[in-house]
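Read through the structures below before going on.
Next, two complexes with chain A in common: one pairs it with chain B, the other with chain C.
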Partner chain A sequence: MILIFWYYFKREFEISISQITDILSQLVFFILIMMLFPIALGPDPENLKEFGIAIIWIAAFVSLTPAYDRLFSDDYIHGFIEKSAHNAQPLGCYAAAKCFCFYLITALPLLIILPFICLMIGINISFYGEIALSLALGMFGMTLLGGIASSLVLGARRAAILGAVLILPLSLPILIFGCMSGLALSEDLSMRPHIFMLLAIDLCLVVMALPAMQAGLKNAIENA
Partner chain B sequence: MFDYFANPSRFNRAVKLVLPWLEIIAFGFLGYGLYLALLNSPADYQQGDAVRIMYIHVPAAWIALSSYLLLGICAFFFLIWRHPLAEIAASAIAPIGAGFSALTLITGSLWGKPIWGVWWVWDGRLTSMLVLFFFFIGYLALSNAFDQSERGARPAAILALIGCINLPIVKFSVDWWNTLHQPASIMRSGGIAIDSSMLSPLFTLFIAFQLFFIVIVLMRMQTVLNNRKIESHILRG
Partner chain C sequence: MLIDQPIKPDLTLANISVIRGQKLIIDKVCFSVPAGGICVLQGPNGAGKTSLLRVIAGFLPNSAGVLMLGAHLFSPLKSTLPIWYIGAPYGFHPNLSARKNLVQIATMRGLSLPEEDIFHINDFTEQPIRTLSSGQLQRLALSQLCLQSSNQSPALWLLDEPNSALDSSHCLILETLIEDHIRKGGRVIASAHQTLCKHLSPEIIQLEILK
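And now, the complex of A and B:
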């Protein structure tokens, strides 16, 4: 099982690394969304400081949402999913490898530019570690939800927008606890309970997402 | 009974037998409930006649919530046992659930304007009802997103199950989010202490809505079954 996971992970990792511009454009998209907020809210630093954590979370959510569409659709069109299923390899393993790789290559790089964004919207840089931790946990759950949605919409019309419609209501708890952890930081409270809640949601989603993605992928290739 | 109704034409015959009686009882309850609610119940001492919106609002909210649970149960039966009626039932329930949650939001908004002075507040209960509405919309969008109409049934059923597991988490976190952000100053829970004179129309209308829901679902299921019969006749020539 681990070998199969590793095989899929390596394949996916090599493909993603070879498309380095995609990763960069993902980062640029994140920065651009973040930039919309000072322009819309006005440049007042006090205002930005108050909404800073929320801005970061919304920018991360919105910039990742269109990316989930590409999670399975390329492999679906090229027939790779069907080939794996014919070789009697567990599709859950494939989906897990795919999501994990997406998380490492597309989601986590946001944390690299996070310090600069903290500086730009006036969040105290000494909180970087805490914010990065909660964001890393939140994006993990988001990636699993995105995996579920993109496996369900395979072969649908307007799959990208449909996937976003399915994900966003489900991801509200992650947004709530993520932003509350930031709020706790700015009020000098412990953010531990919120971090544990995010962790609990992530673990629930792992249990839920693997069978759901497996069923979704299986259904998609049966009706291709 | 579960296996017995796996035969659609047997189900169709049973529905034909039961449906007229159910319709009569449902509309009887509806008429009596509306008479109690609109004419034969006291106006609230604080809210006046605006309190009568409650008799529609509260049953609609109950039906909206329970119909999502029912949708999840149908999806479960469809996915595990491939029960042919469960899929049809799920596709029949979803638009009605969406309608009832929309009705809840609209009547709540109409009720909120005279009582709270605003059409909408980001209260935990309002927000979770809005999310429920979007869950229904997501189900409908997914089940109708494929070129072959039957292709959407299974993805939509998986989504309904995930939604059912997630709904308590969403509800709980939204409530928590709200109580931390704003104290309970808007929703004065002491404002409405339900008296028995208000409780009886409420329950009558609740039963009426429940029966109405069952009638509509059965009618829609019948229509889907008949449509499929027609299609297969056309295919056979």
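And now, the complex of A and C:
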């Protein structure tokens, strides 16, 4: 099982590398969303500092949401999901590898440009580690939610927008605890409870996401 | 030496009916394929050849009827009988090279690449899939059937118009491959518009468009 996970992961990695522009455009999209806020809120540094962490979270969520559509749709169209169904391994294994690779290659690079974003909106750069940790946990949960949603809407018309409509309300708990952890930082409180809460949400999602994605993919094959 | 003989039950379709979008497209199809048997589905476009193959592959649920392997219910996605469904879309990723795609499929199934290049895919093996012609793509898809296993029982081949884009020489190669597979005790169910494996006198299942 672990071996099969590794094979799927390797395949996914090779495909992602062959589509490196997708990842770059993802990052540019994130930066552009971040740039909208100073323009809309005005350049007042105090204002930006107050909303800064919330802005980062919203920008990360909004920039990732359209990308979930890509998660399974390519393999669905090209018939790879059907092929995987015959591999004597549960489809959940395939879905897990897919989500994990997405997390590493599409979501985590946002953390690399995060220091520059912090500078841009005037957040103290010494908080980088804490913000990055909470964001990494939050995006992990988001990715699993995105996996569930995109496996459910596979083959539907306007699947991208339908997926986004499904994901965003479900991601509210992640957003709330993520932003709270930022708030705690700026008020010099411990952000530990919020981090643990995020971790708990992630663990719950890990348990739920695999059977959910498996069922979603199976349903998609039957309706092809 | 009777003990060493593996059990070779028939694969039986009993009264398979399929309804898609409130329309009956396959009505009570019955036939069975013994180990070492070949079945060819024929019929006009829209008669449900592909749908029937997808039912046997386990991708499409049948609305009525049962699939049996010997005396047991046959659920294709859980069965230990290896299944190869070869039909468009073939499951290759367009950005990766032909070789990479084939190696991935082989490793996932625990198989190894054949030494002999039966379908002459070495000419385009480093090209990405999106640059291949439909004939080349079909040859690549069919070479999955040549992947070698060490200990698996002979697979069930479900071939959806396997020779639709092949030139005559490769059609012959395909027929030889099928003959070989049947000799080894494999089962083949294929759909075809052109004649396929006439010399093996396959069982012909005629499907009609239902009014």
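We take it that the second predicted complex is superposed on the first by the 224 of 224 C-alpha atoms of A that agree within 3 Å, B and C clash if a C-alpha of one lies under 4 Å from a C-alpha of the other, contacts with A are read in each partner's own complex, and residues count from 1 in each chain.
Simple rule for what comes next: a contact is a pair of C-beta atoms (placed from the backbone, for glycine too) under 8 Å apart; a residue touches a chain by one contact, two chains touch by 3 or more.
All values reported here derive from a predicted model rather than from experimental measurement.
Trainee: After the chain A overlay, clash or fit between chain B and chain C?
Mentor: When both complexes are placed onto chain A, chain B and chain C end up side by side without any clash.
Trainee: Scan A:S126 for contacts with chain B and chain C and give back first, second, both or neither.
Mentor: Neither chain B nor chain C is touched by A:S126.
Trainee: Taking CA centres after the superposition, what's the angle at chain A between the directions to chain B and chain C, given in steps of 10 degrees?
Mentor: 90
Trainee: For A:D74, select first, second, both or neither according to whether it touches chain B, chain C, the two together, or no partner.
Mentor: second
Trainee: Check the residue A:T21 against both partner chains and state whether it touches chain B (first), chain C (second), both, or neither.
Mentor: Once the two structures are laid over each other on A, A:T21 reaches no partner at all.
Trainee: Just the number, please: smallest Cα separation between chain B and chain C in the overlaid arrangement, in Å.
Mentor: 6
Trainee: Once the two structures are superposed, pull the chain A residues common to the chain B and chain C interfaces.
Mentor: The overlap between the chain B and chain C interfaces on chain A is empty, containing no residue.
Trainee: Where on chain C does chain A make contact in their complex?
Mentor: 57-61, 76-77, 80, 82-85, 88-96, 100, 104-105, 107-109
Trainee: Would you mind writing out the residues of chain A in touch with chain C in their complex?
Mentor: Touch list, chain A to chain C: 4, 7-8, 10-11, 14-15, 18-19, 74-75, 77-80, 82-89, 221-222, 224.
Trainee: Once bound in the complex, which stretches of chain B touch chain A?
Mentor: 79, 131, 134-135, 137-138, 141-142, 145-148, 151-152, 154-155, 158-159, 161-163, 165-166, 169-170, 173-174, 176-177, 180
Trainee: Can you name the residues of chain A that touch chain B in the complex?
Mentor: Residue list for chain A touching chain B: 148, 152-153, 155-159, 162, 165-166, 168-170, 172-173, 176-177, 180, 197, 201, 204, 208, 212, 215-216, 219-220, 223.
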